[in-house]
Every structure is written in C-alpha cells, then in structure tokens.
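Quick one: structure below, then a few questions.
Think of it as A, B, C and D in the order they're written, each chain with its own count starting at 1.
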Amino acid sequence: MSLAGKKTLGVAMVGYAFMGAAHSQAWRTVHRAFDVPVVPEMKVLYGRTRDAAEAAAGKLGWAQAGTDWREVLGRDDVDIVDICTPGDTHAEIAIAALAAGKHVLCEKPLANTVQEAEEMVAAARAARERGVRAMVGFNYRRTPALALARDMIAAGRLGRIAHVRAQYLQDWIVDPEFPLVWRLRKESAGSGALGDIGAHIIDLTQFVTGQRLTGVSALTETFVKERPLPSAATGLSGTGSTEKGAVTVDDAALFFGRLDGGGLASFEATRFATGRKNAMRIEVNGSTGSLAFDFEFMNELHFYDGTEPAAEAGFRRILVTEPDHPYIGAWWPPGHGLGYEHTFTHEIRDFLLAVESGTDPAPSFEDGLGIQRVLAAVQDSAESRSLWVDIPLT
Amino acid sequence: MSLAGKKTLGVAMVGYAFMGAAHSQAWRTVHRAFDVPVVPEMKVLYGRTRDAAEAAAGKLGWAQAGTDWREVLGRDDVDIVDICTPGDTHAEIAIAALAAGKHVLCEKPLANTVQEAEEMVAAARAARERGVRAMVGFNYRRTPALALARDMIAAGRLGRIAHVRAQYLQDWIVDPEFPLVWRLRKESAGSGALGDIGAHIIDLTQFVTGQRLTGVSALTETFVKERPLPSAATGLSGTGSTEKGAVTVDDAALFFGRLDGGGLASFEATRFATGRKNAMRIEVNGSTGSLAFDFEFMNELHFYDGTEPAAEAGFRRILVTEPDHPYIGAWWPPGHGLGYEHTFTHEIRDFLLAVESGTDPAPSFEDGLGIQRVLAAVQDSAESRSLWVDIPLT
Amino acid sequence: MSLAGKKTLGVAMVGYAFMGAAHSQAWRTVHRAFDVPVVPEMKVLYGRTRDAAEAAAGKLGWAQAGTDWREVLGRDDVDIVDICTPGDTHAEIAIAALAAGKHVLCEKPLANTVQEAEEMVAAARAARERGVRAMVGFNYRRTPALALARDMIAAGRLGRIAHVRAQYLQDWIVDPEFPLVWRLRKESAGSGALGDIGAHIIDLTQFVTGQRLTGVSALTETFVKERPLPSAATGLSGTGSTEKGAVTVDDAALFFGRLDGGGLASFEATRFATGRKNAMRIEVNGSTGSLAFDFEFMNELHFYDGTEPAAEAGFRRILVTEPDHPYIGAWWPPGHGLGYEHTFTHEIRDFLLAVESGTDPAPSFEDGLGIQRVLAAVQDSAESRSLWVDIPLT
Amino acid sequence: MSLAGKKTLGVAMVGYAFMGAAHSQAWRTVHRAFDVPVVPEMKVLYGRTRDAAEAAAGKLGWAQAGTDWREVLGRDDVDIVDICTPGDTHAEIAIAALAAGKHVLCEKPLANTVQEAEEMVAAARAARERGVRAMVGFNYRRTPALALARDMIAAGRLGRIAHVRAQYLQDWIVDPEFPLVWRLRKESAGSGALGDIGAHIIDLTQFVTGQRLTGVSALTETFVKERPLPSAATGLSGTGSTEKGAVTVDDAALFFGRLDGGGLASFEATRFATGRKNAMRIEVNGSTGSLAFDFEFMNELHFYDGTEPAAEAGFRRILVTEPDHPYIGAWWPPGHGLGYEHTFTHEIRDFLLAVESGTDPAPSFEDGLGIQRVLAAVQDSAESRSLWVDIPLT
C-alpha cells in the first residue's frame, strides 16, 4: 500500500524530553507500520532554549525548532499540537491550541488541578463543535495486552467483577541523595507518585473494566522529606547540590475504592518499591474468570477461565503477539514482542484515525477530568484520616 | 539417633476436621524427621459424636476417642492439649486446659473477640508462672521461605522498610450456590475472609518485619448476601438445602496501615479471587532490598539485593530447600520441595522445643491478642466510612 | 473410615539412607491419608551395622532392626520386602525375596546391568504365577502433575506427538573437591547421571506418552576425572581424604531418540548444571497441544491447548492441587501443595492396591528392564562416536 | 547532539518482505536513537515486480524503487547494500556488491551451501583489503540480554563452561494444511528449521561462550512430507491449492556437540513445538554460575551466581533495561522494555560504527561460513545414522 497521494497533516510538538522522544518515535513510525489514512508531517518542535530545541529537532526528526509555542497558533501548516511538557503548562497550551483550531494530543495527567482540567474540558467541547479533536495521552491503554484485556472483559469473559488490584511500582528515588527534580515539586508536577503513575492505574482500571470509581479512602506518604537541589545545568556559580529543598509531593499513595458495578478496587503507586522498575500491574477477578498483567512483561496477558473443568483450569500466559490481537497485525510474527515505544505509535494511530474520521478519540479530555477528580479525592481522603470521599461521576 | 529412652509427652486433640488432620500428620511425623528432645504420644482425640470421633482417631493415629473434651482435664497421661475447633470454642477449652496444667496449642485466630482473647491471655500468663506453655497456631510462620525472610530482614538485608504488600487470595465461594457453612456465620467464625485468612497476613507482616501495625483504614464487602443452608448431615427432617440463610461475615476485606518503623502496609483478604487457590502473598520493600513470596509457590523466596550493581541486580528465586535454610536440614536434598503439611510439623517441633526447654513458644497468646486487636480495628474502620483507627500496642 | 478390622501386611525394608527415610515416611503415612484396603506394619529394617540399623529403625518407625536381610526370607510375619540399597545389590535381594514369596518393591534403577535386570524379570514372572507381585520404584510417576499429564495425553488432548524434551539437571558435584561417594563408582552405581537421574526421564517419557524409545544416539562426559576418596567413617586408618581416586561414571549424558509413535525425544541428565537443584523437566509437543513440567515446581503442570482460538491460547499453569487431580483427594484443599515425599506415599498406595487386588503393579520389572536396555544403548552409542543404536522392544 | 553536518551514507536494500520491513525500521531509526557518526540515507529498494516494490518503498521509507538490483553496482550515491532476500541469492548479490565497492549487510544464513559461503568469504576478504566491509545479520546477538550474557561470560562470571542448552522452538507449520512456501523448499531455503532458526542458536552458542563447536551428532525429521502448493499469486489458471508438493527440508533438527573449551552443547530447532511461538532459548552452565534466556521474554536475563552462599543463591531475573546494559542508554528508563525490531537497529548501529571506523564488523562472513560448516556437519551426521562428524575450525 503506497503512501503516494495520501493526505498529510502537519504536527507541532511542545517539549522534547522523555515524552517528546517517545512521541517523536511514534510520529516517525505510525504510517510506516499502520495503514493510516493520513500521513503526519513533523513540522516543528518547541523548547525553552534555542540550542537545545534545535539539537532535539534534528535528532528526533522535526523539520524546524522554535522557542515560543504560541507561534504555532498562527501557522496554517500545522494541524496537530502534541503537548509533552510538565503538567503545569498543559491547560494554557491546550486551550490556546484548540481555540486556534488545532487538534490536540496532551500528555497525562490532563492537568495539575481539577479546575484546570474543567477549563480544558470546556475548551475541548467548544472545539468539538468545530470538528477539532482533543485526546489525553494515557498511552498504556494501547499496550496490546491491555487492549485485549478490555475486549475480553467487554465480551463478558470475566462475568461480574468483584476485584481490581492495581499497582504501579517503581524504585528510582529510593536513594535519598536523588535530587529534587521537577517531578518532586508540587508546583510543577501537581502531585508525586499519585499523579505520575497512580493516574495510569486509575485510567487502566476504568478502561479495562468499563466501570467508574465511586469513592475512595487513601493514605499517602513522603518517605524522604528533603532532597538535594538539582545542579544548575549551566552557569558560573556551580552546582549548588549541597543545598537541600523540601519534597512537596507524595512518594507513595495507597487507596482503595468501589466500582459502580459493585466491585472493590485497591491501588498502590510508589517510587519506593526497590527492585520494581516499571511494574504497572493490574489484576481483575470476576465471577467467571480473571486477568492479570504486569508491564515489566508487557507482551503477556494472564487469563484464568473459570468455566473450564477444575482439573484443567489454570492461569494461562497469552503471548499477545498474534495477528488477531489488537494492533499486532501491523508488526512482526508471533512471539516477536513489542516494546514500550509501541504504545505511543498505537496511540497516535488511533488519534489519526479519529481525526480523519471526524470522531472523538479516547481517552477524551472528559476522561482526563474524571481521573483528575479521583486524584483529588485521594488527596482529600489522605488529608482526612483516610475518611471515605465520594467521587462525582458527572 | 535413637528414640529409645527419650521422654514422652501425652497429647490430646480437640477437633478432627481440616486442621485436625493436618495437626495429626505433624504429631505422627515430628520426631521421625526432627531430633526433638521429647516424643509425643497421641493419646486421645475428642469430637462431638462417638462414631465420627472413633473413625477419625483410628484413621489419624490417636489411641483413643472421646466426646467430652472436659474429661482431659483430669487425665494425668495427657500433657498437651491441641485445639483444632472453630473459633467460638477456643477460649473455653484453652482456659480450662491451662488451668488444669496442660500445655496448649490453639489454632488461629486466637478467639472470635478481643474480650475472649484478653481472657485467654490472662489464663496464659497465670499458667506461665507455673511453667505451663501456650501457643497460637499461625502455621505459615513455619514455612521455610517465610522463616528465611524473617531472618534476612532481621539481619538488615532490606534496610529501612517502606512497604509491605500482603494479599491472601482464594476463590472457593465464588459460586453463589456454595452453602452457608460455619465459616460464613459470624456466631461461629467471628468474621469471614478477614479472620480466617486476613489474620494470617497480619501475623506474617508483623512476624517478617518485626514491626507492629499502629493503625488501619478498611473496607469490607459481602458479595453474596444469602446462601443455601447446608444439608443436615443426618436426621429426620431432611436437607433443607433449598432454604437460604444470611451470610453474616465479610467475603473480602481490604485495608492499609502504618508500621511502627515508618512504613506503609496494604492488605487484601478475599475468597472471590477467581483462579487464586491459596495465594498468600507478601512483598516487602526496603531501602536496600526487597523480598516477595506466594504460598502457591511455597518453596521459593524472591530476593532483590539493591546493593548489587544495577547491571546485575534482579529478583532472584531462592529455592528454599538447602540444608542451611530454616527447618530444611531434617528433610530432603536441595530441590526436593516440601508441602503444606510441613508447616505444622515445624510448628509442633518448635512447640515441643519450647515446652521442653521451659521457654515461651511464639507466637504467644499475647501475639494472638495483638492480631485480634488489628482485626477489630479493621472492622471498626470498615463500619465508619474507612476512617482511620489507631491500634493500641499494649 | 476406621482402620479397625482391616487386614495388615508386614513390611521389611533393606537400606535406610536417603531412599530408606523417604520410603519410611510413606509406609507410616499411606493408610493415614488414603483409604487403602490393607494396613502396612513396619516390622523390620535391615542395615549393615547393628548400631546404625537400630538407631534408624527407632527414628524411622520400624519395630525391629537386623543386619542380615536373608533372615527375612524365613519370617512369616513379613509379606513385603522394600529394597532401598544401591543398585549392585538389587538383583540378589529381589530374586531371593520373590522366591520366598515376598512381594517386592525395588528402588530404581532396577539393576546395574541388563543381564541382572533380565534375571530379575524372570524371577518376577515366576513369582507372578504364584500371586507374588514385583514393582520398581520410579516414584516420580506418582507426582500428581505427571500422573495428570499421562491422563491428558492418553485422553488425546495433545494429538499426535512430535517432540519430547526431557532434562534432569542437578549441580551437587560441580565442586571438584566433592568426594568420590558410591554414586560416582561404576561398581556400585552402574553409571553416573545416566542411571541415577537419566533413568527417571527415560521412564517418564515412556510413561507420560505411552510410547517406547526405538533407538538412541548419545554423548557422555566425565568433567572431573579424579576426586578425593571419602573419609573412612570409622576405623583405625584415618580418613585418607587427601588421596584421590578415579571417577568411573559419567557426570553428564546427552542423547536423543525416536519414539515408536513417530516423534523425536531429546534427553539431558547432568550433575553439572550450576543452580539447578532438582530440575527434572519434561515438555511434550503434540499436534493439538503441549504439556510442560519441572519438578522444582512440582505442583504445577503447564498446558497449551492448541484447539483454542489463537487470540486466547497460551500455556496455562494448572495448579495440580484440586480434588479431581490424581492422588489429591486424600490431601489438602486447593492451593495447599504437596512435597517430594508424597510421591512415595502415592507409590506405596498403588503398590498396596495392586497387591491386595491381585493385579500387577506398574512400573513392572519388565518396565525396569526396558529402561535398562535404553541405558545400555546410550552407553553403547556414546562409546561408538554417537552412532545410532536400535533398542529391542521385546 | 545535532545531526546537522554529519556525513551521510546511501543505502540500497534488496528484498522487502519480513526482513526488509524489519531492516527498514532500523535504517529509519538508528540515528534517531543512537549517536552514530554517519547518517544513513535510504536511497533505493529493489524487488521483483515494479508495483510491489514501489508500494513497499513508499511504505517503508525508501526514496526510490527498482526491479534490477544489478543497477546498484553503478550507483555512486549508494555506499551500502543490505541483502534481505532468500538464501539462494545471497552469494550472487553479495559478491557483486562487494566487488563494486559497496559495504554489505547480508541476512543470515550466509548462504545455502558451504561452497557459496566460501566464495562469499573470498569476496569479503578481497573487499576488506580495499576498506569495504561485510557483515552477516545474526540480529539476535544484538538483543541486550544476550550481549550482556556474552559480556558476563567473557568477564569470567560463569567460570569453566560445562553445558550449553540451546533451543529454538516455533509452531507455525504444525497444521499439515499450511502451504509449501519457499522456506519449505530446499532449492530456495537450503534447509528447514535447521538453517532458518537452528543457525541462530549455533551462532548464539558460539557468540555467548566465545567458543567453537568441534563436532556434532544429529537427527532430523520431516513430520509432514507433503503440503498444498501455495496459490499462484496471479495468473489465469487459478490457485492450484488442491495440489500437493513434497516438503524437501527438515521440520526439526536435534543435535549435540562439543565445544573447544571442553563443554557439551545440545541443540533443538523445530517448527512443531505447539504453543512455542519464538522460544529461542539458551542456558549456559559454568563452574561458578549459570545464565538462561528465552526470546519470548527478551528483556530478561536469568543469572545464577554460584559464588553466593547457598542459603541466598538463586536464579535472578535481570531486567535488561538499565542504562548500564548494552544498547539501552539510547532508549527508555528502566523497566520500559524493548521489542524484536530493536535487535536490527542495534545491528545496524554496530555496522555503521564499524564502517565509519574502518574496522571489521562482527559477525563477519568468516563467522557466517563457520556456521554454514556446522549446518553441513549436522546434515551429514543426520544422514549417517547420527555418527559423529568433526567440524574443521579453519
């Protein structure tokens, strides 16, 4: 299938660090792997400093670099704005881009506060009326194994759901000398493990089960209260790394809640689980079966079919690399696994399909707001001796 | 090493169902495998009905059968009373036996209420003054892998503990037609998943870490509110199995708490985790390492040594079958695993060693009371919209 | 079910080391766990030295000890002789015991040579005419997971078998200073890894598939050619442990062969697989499914059902602890695993059932001879530059 | 690091099917992820038919398409020829391209016969004199976990190697109705499972251990002797799929051999291992440690450190996603795994580094010839009743 003659859409990206690199790989690859109806053109990357932005643009495959993202609002050759910055800038960029008629893909969490998220939803709704699309980037939904899990639950394979057990375990700040980076400051990151990785397992729980959390009880902790300030990257006066600053976000968040289908869900998000590198795990137990997943083994989904005779039943490891599995047809033969970056390629594929077909991509900004409300309820409960906090579903 | 000339101790057992069979296997085996200083003599088994008690005594290897356990109080040939009945009878039997100068091994949970447990502790303290010993049977402590975990943590291999993640997952009552057995009635069992299996993971958390829970927040649920009454085993009036009765205990209990060393612990006990048969799991994350265990793989302990270079670090599966491992020297060569029943043989070995050496066995009735207080706090919190409940440590 | 009034059979055991301890545990337990029609009475244990034999008898639960096994031939109170000695004495003891009308359970391998095995088969056939039974102790067949594997293959769940992949990996003599024990001397052990552990995977391959090996090609190796002589346990002349002696058996044996159903089988038996403690593994691939097993995880059987839709197929871990699984009904609830020693309890249960019902137990001495012929063919091929050696099936 | 001003090298690719797609992804990505000294320019793709070649070129990112690969010999803008065709055309293309001064990357196996491979080696040697480089594409060497395994063995972590256990298990032709594609015909593929996947595990064994095979004994089998002819892709007379043709290659190959360091190695390559999708496995046992790998879990390496105390030793799962691991620094944070395609990106990165630095890339054509000789020895032995065949090392 030739790309010749296919429609193109211009793309701008704001931010170029971890998420920027991952998104760029996806923008470069999506039309090479999938038969998408439009071909993205990587027009411009925006960063704070010119040298760094230009180096990143060259390396990552963007035609130009810029330092003022507002410039994009007036560019006719840009149709899509991809926001890969820290959470405190999401609202401003997304609202302006949508107002300018750009489709927006915004990294998660949608915002740092419920109020910002509500304003973004309002902007997305107004844009939708004009055929402009907005999506929040919970990329893990596009892990083939998790997309399969959702499909199996939607098809009724698990029956009535009693339990969800979700964990996101990392260990990258166990060392108390690890510096006070932006992800450890409330003003830039909003929250700590909770918003960064807890948001993912909240989204996955709701995505995989098709249900919503109706309330939570929570406990949070900051194990290391002060950390060295990060060294100045450049400049005369040196690093300053002997000074310390207060950690203003949580290191770990534990919470449990109820699903609107009657089940219970437990959550744990932490950056202090020594030895767990990216253990985003979810297990769902239903009346007729169970599913279990761990991102450290991202090509596997474990399924227990409770309708089999007891003597032959068991958790089976489905290697999610078959042509029949979600997204896999575009890739390699069975047993030839995918990696982390593929989740972004799949996300952008789905985004492009939605944009081109004039439908709303998922997760929507409304979905992102829903998660923001769960995050806020968790923080409220944690500040109120774990007292139960109801979550409004509207 | 011959048994000839060794001192013997007479043993009586009350109850002969699941726990009775497991304990009998241990009483028959302990001196065959271990070099214990005393040899148990299985004198008498007590049950409610003569025929059943006699059949059980013959099958399980007890010299006699009886129907009135009070008879044991006056028997000089019985030194030890082993209580394997449901929780509502523990206090009466244990207190009487201790008063009569019998050493007591009592199945867990110690009692159905904090008040009963306090009375049992008082009886055990009085007995201790007279050299009479009391122990509560949290057998899982004697799983070699868990004894090893305790030793490794005590030796400082994990550093400062940030997280405990404990689960006890079963699925034997997922079917709503499963009958209303005694374990599902508050008057006999005290609580449901909470006291039956939740008690084990509370004990293990405290045993393995050497720390105590200082407070909890909890959520419980009874998914199936009514179940068929069990058929009458004998008698005129038939089975009645089409009638239903109310389930008066929890099907699942979720809670989290704080440890007195500053860490967080999360717990989940459920009988609704389809496909999980006896998944008693515990993971401990410390500043320099982690340990993970699942009873479905009882001969394995997973250890992450955070002091290794990052390029070579990883969770290692320690096959806990080496002569250097706790209890293993008595058994088979490396790689020849043990089973569930061995936990009881180890428990009774430790009990006999304590009795003979005149020291207090662990877990003591005080330990059992401590767990009872955690169970009560969990229930209090669950009844108060998950509000935090502090646990008195004395 | 009471044991009262049940018929009893007297048992004598020859040898009391590793196998003797394991068999004793089984003789003590079999009627306590299973509803066997006869109750074994542990009459007498024979060893080479009086003190050791008496200590062992006391410890292991035998009523008497003796030093001359020939004495058993005239004892009317002994019905069964259980042979747990090294392989070089099997033939003499078994033939004499069968001639004296004793049922015989003989440890594997049946003998050290094909000729001895043939003589034992002749004795067993003659005894069979008189209602006297003989069985060779390939205990691993009685692992519930492997009995289940056999049942599933016999039921056609795997279709036509293409591959068997069998390994028995240990590491207990990797250290070149490990002494020259009897298992490392040809005159006592017959062969090394080949006969000791290779025999088990040959038996399992044939047992599980129901097929026979028709020929093999082989390679053997002795990595450590000389080892320290073992210290004299007692006596004047001291230990001699600085002297070395030649290792006269293989450390490792690799071979592959053809099955009479058209499939291929590969085998590896070694004591030099560092880190593998008792990894007796077998995988069977058929046209419609596969099974995999590893004794280090003895309570699990992995099954791939190739008839499922590709999107849901996967190797499933069957936890072989359900009441419907072979042998499990006698034991504990689901998820409460068994250990190594249970394989012997199951073996003796099946032996008693056969003896009492007047049928032939399996594996028979003929089966043991068949395995001896495979072992001999392996050695022949290994000595002939791996040239293929056919195996007579009669 | 900007790409601006970097030297570029023009690349041509011959073939565009499975390997062509994987290589294209790598050519597009290598300079985006790695800081390579030269930037590849994807000039032209050659295929047999114009339409298909043009569609593939557009999809995969090549600037042009052509149908006659010989055209490349005269193109000054092409510096590298990447050969992704079936094995029967490798020799002709590679020899011509090298003669024309093009660096060559040739897919494995190097050729279909030893003689072709020898001619290719001669061409590579002549080209090397002129600074022209040749590499054979055993991509799996560039799996980070396997590169780590090689490094650990080279550093002496395993001591003296006793065993290699290598398997490559797939199941894609278990169905006898699977058609007679080119990989099942000797004239195009040279051999079956042996050359296609067996070649990989031979290379890995030698790569990881740094040792060479000195001889082998082998057994091969074709389970399904006839298969339906593939439908004609185009043409008047229809598909012909009801006709059958003879399968002229092996379905499975088993062999074992000796390494020049004194160890033993066993191999199994099959396409009939139901449920195993791409289980390329290797385990190495040395005197002080062991390593194990399975490509179905490509981000993990299992390491047993035999120098640890027995009570704490165990196979550890190293998640090979740390910045210190081979190739990983270019990618994502710990725990964010890579996929199959990354092996090619790493391969091409190493190829570009070698080309630019004027050193010889590995594996060389000489390495490819060495593997060809092992493949030939396997076939010889299999045709001679498994008789041992020595392998010349020169």
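By our rule, contacts are C-beta pairs under 8 Å (C-beta built on N, C-alpha and C of every residue); 3 or more make two chains touch, one makes a residue touch a chain.
These numbers were taken from a predicted model, which means no experiment stands behind them.
K.L.:
State the chain with the largest centre-to-centre distance from chain C, centres being mean CA positions.
P.N.:
Most distant chain from chain C: A.
K.L.:
Starting from the mean Cα coordinates of chain A and chain C, work out the distance between those two points in Å.
P.N.:
Taking the average C-alpha coordinate of chain A and of chain C, the gap between them is 55 Å.
K.L.:
What whole-number Å value describes the gap between the mean CA coordinates of chain A and chain D?
P.N.:
For chain A versus chain D, the centre distance works out to 35 Å.
K.L.:
At least two other chains touched by the same residue of chain B: list those residues.
P.N.:
In chain B, 276, 313-315, 319, 334 touch at least two other chains.
K.L.:
What topology does the chain touch graph have (line, ring, star, complete, other)?
P.N.:
complete
K.L.:
Across the complex, what residues on chain A touch chain B?
P.N.:
Interface residues on the chain A side: 158, 162-163, 165, 167, 169, 171, 174, 217, 219, 221, 223, 251-252, 254, 256, 258, 262, 264, 266, 268, 270, 272-276, 283, 285-290, 304, 306, 313-315, 381, 385-388.
K.L.:
Inside the complex, what are the residues of chain A that reach chain D?
P.N.:
1-4, 18, 22, 24-25, 28-29, 31-33, 54-55, 58-61, 170, 172, 276-279, 295-299, 319, 321, 331-342
K.L.:
If we count contacts the way the header does, which residues on chain B are in touch with chain D in the complex?
P.N.:
148, 152, 301-303, 309-319, 322-325, 334
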